[in-house]
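Note that the chains are named A, B and C in the order they appear, and that numbering of residues resets to 1 at the start of each chain.
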Amino acid sequence: MSTNDPYAGERLKLSPFYPRASVLNIREAWSAWNGYKFAEYYYDAEYEYFCVRNQCATYDICPMQKYLVKGRDAEAMLNRMVTRDITKLKLNRVTYVVWCTDEGRLVDDGTIFKLASDEFMLTCGSSCIAWLRMSTYGFDEVNVFDVTDDIAALSFQGPTSCAVLKEMGLEGIEQAKPFDILRFPFHGDTLMVSRTGFTGDLGYELWISPGLALELWDELYSAGEDYGIQPFGEAATNMARLEAGFIMPDMEFNEALKTVHFEHDQTPFELNLGWLVDFSKPHFNGRRALLEEKKRGPKYTLTRLDIEGNKPAEGSYLYGDRNCKKKEIGYVTSAMWSPAVKANIALAMIRTDCLQGEIWAEIYYEKELRHYQKVARCTVKDKPFWSPPRARATPPPDY
Amino acid sequence: MTGKTHDAIIVGGGHNGLTTAAYLAKAGLDVVVVEKNPHVGGAAVSLELHEGWVYSNCSYVCSMMRQSIHRDLDLTRHGLILVPYLGTVNFGDDGQTLIDYPSEEAAHLELKRHSPHDADSMHRFQADLARYAQFIRKTLLRTPPDPTSMRPRDIRELLFLGKQMWSLGEREMYEYVRFFTISAADFLEDYFENDLIKAAMASPGIIGTALGVYSPGSAYILLHHVMGDVDGNIGAWGLARGGMGAISEALASAAREHGAEIRTTSGVQQILVKDGEACGVVLENGDELNAGIVVSNLDAKRTFTRVMDRNDLPPGIYEKAKNFKIRGSSGKVNIALDGMPQFTGVPDNRYVNRGGQGFTGSLKTMERAYDAWKHGRWSPDPFVESVIPSAWDPTVAPPGKHWMSNFVQYCPPTLAEGPWTPEERDAFGQAVVDKIERYSPGFKDLIVHMEVRTPHDLEQEVGLTEGNIFQGELTIDQLLFNRPFPGYAQYRMPVKNLYMCGSSTHPGGGVSSACGANAAREILMDLKKPNTVPEDDFYDE
Amino acid sequence: MSDYDSIIIGAGHNGLVCAAYLARAGQKVLLLESAEAPGGLAANREFHPGFKTSVAHVVNHFSDRIASDLKLARYGFEGSSNVTLVTGLGREGRHVTVDGHSVTGVEQGDAEAYRRFAAQMRRFADALKPFWLKTIPRAAPGKWSDMSTFARIGLKLRLLGKDDMREFMRVAALPARDLVDENFDSELLKAVLCWDGLIGSKMAPRSPNNAVLPMLYRTAQGQSGTPGSLIEALQASARAAGVEIRTGTTVDRILVNPGQDGLVAEGVILAGGEHIHASRVVSSADPKTTFIGLAGIDNLEIQFTNRIRRLRCDGFVAKLHLALNGLPEFTGLDRLNGRLLIAPTMNDIEFAFDHAKYGEYPPEPVMEIVIPSLQDASLAPQEKHVLSAHVMYVPYRPKGGWNKQAKAALYERIIERLSGYAPGIRDQIIHAELLTPAELERDYRVSGGHWHHAEFALDQMLMMRPTYEAAQYSTPLPGLYLCGAGCHPGGDLTGAPGHNAAREILR
């Protein structure tokens, strides 16, 4: 980006896939993500959602922040930063991580790709270069490069996704286990494919240099033509991720460094991500605070709820009694009617000590300008709402 | 000659004096405001100094006006409307520009072209600043407690402050102390690397103060300027339609509606004290007005050293007033323009001038301007903060013509060589015009009329000692329970029945009406009248 | 297995004090010093054959209690409770001298004002004095038991009476300039009185907030004497208590191992590779050196290390040592004892500072001069003398960096300035040594060459010194403690940080 372009602030950046994606965005339904012009949806959010669940679909993840962390101390630096043990991560593998403040509060979540013994790629939803800079302070040999604009990335999800990649000629792609990284020659360059995604289903993410972005798109769409390929936007993603039980900033959690009020941010334990916190590691950021939190038990726990009826419990308060007379025990963070599982689902922050008792949601909804209120029984679900075996199988079934 | 006896006389019709008058009158008191100028408003005025052009020739922007007062006194019905700025453009030393867009996405991209790191860090900066601002805002419409007192109310208020502090959490308590005491430059160093971004963020830290960006304490002043809000957007600035005088006129109109009398061209010669109690004033024309209480809207130094007899004061007060830090450090150049100036390196669109222009330079440029002030000079490369209100206020310039307000930091109250002369004043104005011309070639040719105001002029016309726009420096020794003097921070002055309601009192300068409202609350309490002054509203923070 | 109860890194005066207290409580203590002799910045060092002096050149408020606890008098420290005289050198030999109670060389009005002023400052200083030897607790929920310290500070202030308390709360954050402007007329006297609020810091008379507390810290009554004899006595006292002192031994890093509840500091690794184990490690090095250099970044938390990074610890003082072939003659001055200041007006100080702000060194530096050989004849050959001067303001990182020419030019300016008051001095110089802050950092292992280890400022004081979580002498790394000037109460030769750290360790 030129520092001399006075218009820089007024022009959203265009993804390398934009020339193709814009043709398909018939509704011109654009919003913005990290400074990129970004599709809210292309034709119809629910249609796109069903493409993800039933066929295959692409999601432009160029705006996702990508950082290359390189150098002799790269592993040590990342290992101190995140709560998981990165030293256990094998070459060409990916892992989902969270990182916390000294007080054990979530700064952000993301994935780490181990590309070489001294080279990692970190991806996350919003910019984290300032935190990375703080984290590298004091290490002798580690450099962080923002490569967001240097890599074009496309998430490719859905039951037919593996078949399409095979059709495209990516030999051996079916052997990729979840969180594996594979590389394929592509027009004289390398196409990196990871078996990762944000939909809770079979899916891949494709990484290529921006100059070959359109070639990739064209080959993928040509191979996927008979498999129902379709781009999907933010709206459909949000539906799929909620079914998969994945958390979103500004929905399930506040990024700690952007939080104004004391302890209005969350710990991994509150977000039910305790499994990401590896206390066998002697040190990582927030360890002391998290150890205390673990001993004490989190005040709130993020919980999956199946709610009776069909009115989405968006923004609802939760109570321990049907009359909603006692003090509220929590609140819903995300909610929707799941078209695939035919259930009224939600993620909710609930007081840990109230999880065993009854849970009732106070739901407000509207019918033709009349406003109604109802109280619905909630059932805690241990498993994600959507978690088909194919998401984990290697090789995956052909659809 | 003895006139009729009023309940209260307000000395000075600045916006705080008018606020006090409105609230006292609203409570049913017989109130008279005496103002030396032919117009009310003090430093919040709109004056037609060139035919067709209306200048807000002193204060020029509004962000701190307490909305609960605006709402309570129904100022909109009295003609006041505040319209927020769109983004401000900052100009760096090297011709670089930085635009503060209203859209978060756009602002982020704009920052990113200067420094991706700083663009990211801005989120943390804004969250931290919002946290500090929320803390301070809760104190604005409250009377500071006296920490040496054991009265239940003082203890309660002290506990309130303690509780606010405690609710920040341990880390933020310390961070808050740090923020409150360090320099703007050190504070910003923790977030930013880019010179222009640092400079743009630091600039509110020097406005109106005799401190530099490297002086400890300037970080708080930065907050003092951005803790205001327009419609809940912390840090947003706005213009009053019709100029800053519109605020004063609306307050005056509200006060009159409640029955207050406002006498302009009635400067006060002296505040009268009989048997140790304030009892009235003598006007410059010799008229004497009597009242149960006297409320001074003048600054602390002027009140006690100019309009009161030293013999009427308890021992030590005169010295305290003499030592009160009220340093002139700002100048103002008001310019009538033949057309809209074009600025280099700025997008050519209709939105960009609908905000401010900050001729910011870098931290060093600003600091060097401060160094010049210490030497009793003005800098050839001053910090100038400008706005072209006519870009969105149709009432202040003829159609197609414009007026530009240029606030200049720093400008000494007296020059090293001696007092200001008209020639020196013009040279100062020229330095400002030269600076703008560097970023807007052809600017000089657009000038139709120009008014240059040094601290000296401000003192002469408005009555602010040394031309200090805050009625006293905003340093810890003069804030909260130290403002204006320790032991007299609750609006009651050392002489019985004498009160102060101007910016020399807590919470200090800025067109906020908070000082005036707080003073009214204390007066009503002393008179055992029901309180009519609202609490602040915080948008349910 | 631990070889020692405590290993103390750095045998500066605080390291010595801490070691002595720990050993007297029965601990097995090893004190490691990388220089050839203990003392740190207070150690006498031969800078020219036969001529010695120390960087820190006055002891004027060393804690009485520590001196008596450690029996320093018995070991040769002849402390006196007299306040060190401060003389402001005036132009044409018209000087001003203050002794903490009265002033000479000014008009009657100022002399009376000074008596009032000094008495009030002493009242404030006395109220605060007990707290320099206390641990300032964390202001955190669940720490109520420690809160009594805050209550006691509050009570002490209340006991000053309403007027004094109010005045204290007003002046506590006042710029030095305003404080003295309110009281005095004489420009020279004002400059002299400013000095103790500013020396060593990145501040000038107009800088708010951070001048008055250091002034009161230095006004607190204590022992004065020579740095050399203090270090000798501390060393003797520590050895007598059983402290093992190893000089010429550089610690490469702190040995950190995983323990049951996370990492624990368990000893040190020397530059030669030797591991020494101990139940705890106590560092008298500055916080930046301790945490970033010795403890290791990957053993600490991210925000914590970044708070250490942002500590303001760039030194602004250069040190001049002159070997003189006789006693220098200052115009109009017959006694050269005490401290001599070349800072004729507050503006001189302010404008010298203005240059340093931008990384330039001032054309007319201001300085504090001491002739240490007057008090301690062993510092120079017979009939010869040593002049020691703190020169302000000299940037740690000047524009263009430090090089020979820059240093030579600065030296020339200093001598020129000095000659204005001691006209013959140039011809008396046998040898001169000028240490820039960068050289102080290199030679004495002090980050930024800052003798307070970290700027003495409100945000870096009390329970925020050096930063919270490390302000009660323990650190976020269990087993690692701090005992240097980077902790409460701060720099100068007081012994307080070392004393307080030992108390916390023994708790």
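Throughout what follows, a contact is a pair of C-beta atoms (placed from the backbone, for glycine too) under 8 Å apart; a residue touches a chain by one contact, two chains touch by 3 or more.
None of the values given here were measured: they were computed from a predicted structure.
Trainee: Mind having a look at which chain is the central one, using mean CA positions?
Mentor: When every chain is reduced to its C-alpha mean, the one closest to the whole-protein mean is B.
Trainee: Suppose chain centres are the mean of their C-alpha atoms. Which chain sits farthest from chain A?
Mentor: Of all the other chains, the one whose centre lies farthest from chain A is C.
Trainee: Between chain B and chain C, what distance separates the C-alpha centroids? Give it in angstrom.
Mentor: Chain centres of chain B and chain C, defined by C-alpha means, are spaced 41 Å apart.
Trainee: Averaging over Cα atoms per chain, report the distance between chain A and chain B in Å.
Mentor: 47
Trainee: With centres defined as the mean C-alpha position, give me the chain A-chain C separation in Å.
Mentor: 53
Trainee: Which chain A residues touch at least two other chains?
Mentor: 131, in rising order.
Trainee: Could you list the positions in chain C whose residues touch two or more of the other chains?
Mentor: Answer for chain C, listing residues that touch two or more other chains: there are none.
Trainee: Note the residues in chain B that touch 2 or more other chains, in rising order.
Mentor: Only 171 qualify.
Trainee: Give every residue of chain A touching chain B within the complex, in rising order.
Mentor: Residues 1-13, 32, 35, 103, 127-131, 133, 146, 255, 257-263.
Trainee: Applying the document's contact rule, which stretches of chain B touch chain C when the two form their complex?
Mentor: 147-148, 170-171, 173-174, 177-178, 181-182, 186, 189-190, 211, 214-217, 323, 325, 364, 367, 371, 374, 475-477, 481-482, 485-487
Trainee: Within the complex, which stretch of chain B touches chain A?
Mentor: 96-97, 99, 101, 105-110, 112-114, 116-121, 123-124, 126-127, 130-131, 134, 167-169, 171-172, 191, 345-347, 349
Trainee: Going by the contact rule at the top, pick out the chain C residues touching chain B in the complex.
Mentor: 138-141, 158, 162, 165-167, 169-175, 178, 181-182, 203, 206-210, 310, 312, 347, 350-351, 354, 357-358, 457-459, 463-464, 467-468
Trainee: Looking at the complex, which residues from chain C come into contact with chain A?
Mentor: 258-259, 261-263, 292, 297-299, 301-306, 309, 476
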